[in-house]
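Note that the chains take the letters A, B and C in the order they are written out, and that residue 1 is the start of every chain.
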Amino acid sequence: MSDIALGLEALARLLSADLMRVENPDSLVMGVAPLESAGPNHLSLARDLRQVKALRKTRALAVLISNPRLIEKSPCSVLQVEDLSKALSLAIAYFHPEPELAEGVMPGALVDEGVRMGLGCRVEPGARIEAGASMGDHCHVGANAVILACCKLGSRVRVGPGSVLGTPGFGLRREGERPVRIPQVGMVVIEDEVELGARCTVDRATLGATRIGAGSKLDAAVHVGHNVDIGRNVIIAAQSGLSGSVKIGDGAVLGGQVGVADHVVIGAGAQIGAGSGVGSRVAPGARVAGYPALPVERWLARSFFRSQKHPSAERDEEPRS
Amino acid sequence: MSDIALGLEALARLLSADLMRVENPDSLVMGVAPLESAGPNHLSLARDLRQVKALRKTRALAVLISNPRLIEKSPCSVLQVEDLSKALSLAIAYFHPEPELAEGVMPGALVDEGVRMGLGCRVEPGARIEAGASMGDHCHVGANAVILACCKLGSRVRVGPGSVLGTPGFGLRREGERPVRIPQVGMVVIEDEVELGARCTVDRATLGATRIGAGSKLDAAVHVGHNVDIGRNVIIAAQSGLSGSVKIGDGAVLGGQVGVADHVVIGAGAQIGAGSGVGSRVAPGARVAGYPALPVERWLARSFFRSQKHPSAERDEEPRS
Amino acid sequence: MSDIALGLEALARLLSADLMRVENPDSLVMGVAPLESAGPNHLSLARDLRQVKALRKTRALAVLISNPRLIEKSPCSVLQVEDLSKALSLAIAYFHPEPELAEGVMPGALVDEGVRMGLGCRVEPGARIEAGASMGDHCHVGANAVILACCKLGSRVRVGPGSVLGTPGFGLRREGERPVRIPQVGMVVIEDEVELGARCTVDRATLGATRIGAGSKLDAAVHVGHNVDIGRNVIIAAQSGLSGSVKIGDGAVLGGQVGVADHVVIGAGAQIGAGSGVGSRVAPGARVAGYPALPVERWLARSFFRSQKHPSAERDEEPRS
């Protein structure tokens, strides 16, 4: 519960919602909570009909919904919106604002003198940034993250705790039976507003640069190999791995635990189902799943006789909480 | 070899074993070692008939067995027990006791002032714990682990080196083409006696809590998404990943590299084979394997004509060493 | 661009190359760059006919090739070699030599007094090495890596940033419903010239040792379970995982995201395709792929009617950059 309070009508204005039902007109909303744990001053959220049971039992003061069939199932006040995720985001940001964090290099972080850092950056304890690296304004580097000398970060980049950027790519040749490293002297370029989750790894290029395009978001434990080129606004879920020289077009979405073989090209806007193994080109806008990855329709057909549902190619972008 | 020594009869009493054969009645056991490297003062272990060859050649003073057919194959003294893993544990703990570790916050760890910590906790070098986090008694936080403000740990919890707890969940919405984060303001609740291996990640909930129930054990590099609810005494092997809002019942066992799609419910006592991709509900007690996951019997049938054995759904809980 | 310059004939001698065509005999090579970004003082590289388009447009002074059909496609001078990867390595090492790093324990690293360390080792900031561990000469331990007491490293070993060596293996038994750890008191042995990428985990053995043989190279985020035995000169790509007591023969190659079930034996020189799930013995020299893993020929046959190419069992050992 926060110490911020708002009446239902003011809340409806804040969220651009229609107040479809009012049960307790004088009560104040003071926080956001899941249906199951909400109390009499909470706003809650019901996403679809599978949540009717929880909705009927909720003690919340009001619920956010999008589907009109949920209005009559609600035991409390109802705010209807078109974009549920956006309204939820606004409500959380209003009632549970994130604390302002001080700028600067926190105690226990080790940033070399030669690092160029823009305005308003924050480097958490235990993070290590080598001379030669650079970053723009308002970046956030998580605790115990490692950014090596060959990395150039844009502005408003977030690097999750424990992530490692700039290690040499895994390029090997054999000398007799011995595997020997090919020197890796390229860069890592992370553009504006990229966010990397916890424990990601991004390898530097052999020559040239490994690049992650502006606005792309990577979940935890994603591995990006050397010379990979990720476009803008790409979404990659947890534990996925991109082999050397993979190219991913703007706006593509990769589910969790996806693997992409080296040099494969994935077109703009393509959607790759969770757990897929992608060994060949994926056309722009295509939806594929499976190992090896198939068009979703064919993969579903194969899966049907096994009476299993498919992992959705598109990540459900928000929890029902 | 330890500096602790025990005669065979005393050892049999310690392990509740039956001394089925005595070859060198006056020798002393001074340590535990694998069949291959054991010397004349070692206790060793033979688990099944596949180890007969190594058993015949061992130089150990005595072997622990459960299967009576191994008695006559042994060249040395034999102690028979019902529960081999338990007897092995007792023997290792007796001859190779783990060193007592000093309590407290080790040099190089950074624990904020506002952290509530119970009695007898140990925080290894380089670990980072933010103000707002709390933990019960006798917790152990590994080197370079990161515990953010939203985390509540119970007692006797172990967090492996390099693990990261409390990062924001990967909840996104699109604003035009740009993916935008939905604020994540929930908690992480880790109950008593949970153990997380090295390099795990546990995301905080959007609202409410991501929970790991009492007694559950996670291997290395497991990813737990936002709003996941793991029951009690669950076992999850290395590199598995749980998407947002997954629910796992008490006592379930997940093999390594398992992936579970968001909102999927896995029933109590279910067993999920290594490498499985689980996209839909798994009934309590069911055994499934494959991608997409199938009941083990059907998955085996499909795999049979490919003449391959199946990865066992249940992790072999102890090495033959 | 480096400040080192070399004429084409001297460069040909350095790389043991044949100068097959000379366009600008008086220009100097001053660096190595990909075809697309090379300038008039760069050496570049064309690996195969798929790169003809980029080759025709390059502004490089000269290109390294192996395939003679590329000679006439080149707009610039051509150096032909037999082993392209070796020549590339020599050229990069000459024009872009890696900076000499100071020896010693860097600020912010925490190395206990009891650690035995050979000559010329370097321990990066934030790394943690416990008393009891040892390492030979010229080892390199990355930032925020963790090496626990039970680890013995040979000479010229590289441990990537954030890697964790020596955590207890995931050996459990049940006591009623509760999973209980079997004590893990064995070692980790890393032989000479092994290289581990970023964020790897290597568990200590229950008894005996988890071993990685001389010259083996592991990519990022690889997990090595307790009592695993990896031979010499083995290559393992990113995010692969080896369960307890797996045995891998000399010179084997595992693609990315491979999983191997416990106690499985993989023969010398075997090749395991990316994303494979290996549940049973793989013969020496065999090539397998898929989940469960099949001989590559059969896996391809199954995959053919799905009109998908296969992830190559052998990692492309160098980027086309």
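In this section, a contact is a pair of C-beta atoms (placed from the backbone, for glycine too) under 8 Å apart; a residue touches a chain by one contact, two chains touch by 3 or more.
Since the structure is predicted, the reported quantities are computational estimates derived from the model, not experimental observations.
Viewed as a network of touching protein chains, the structure reduces to a complete graph with every chain in contact with every other.
The two sequence copies chain A and chain C touch through a face in which the numbers common to both fall below half of the numbers used overall.
Chain centres here are Cα averages; for chain A and chain C they lie 28 Å apart.
Those residues of chain B in touch with two or more other chains are numbered 108, 126, 144, 162, 199, 221, 239, 257, 291.
Contacts from chain A toward chain C in the complex involve residues 108, 110, 126, 128, 144, 146, 148, 162, 164, 167, 169-175, 177-183, 185-186, 199, 201, 203, 205-208, 221, 223, 225-227, 239, 241, 243-245, 257, 259, 261-263, 277, 279-280, 291-294, 298.
On the chain C side of its complex with chain A, the touching residues are 32-34, 36-37, 83, 85-86, 88-89, 92-93, 96, 98, 107-108, 124-126, 142-144, 160-162, 193, 195, 197-199, 215-217, 219-221, 232-233, 235, 237-239, 250-251, 256-257, 274-275, 290-291, 303, 306, 308-312, 315-321.
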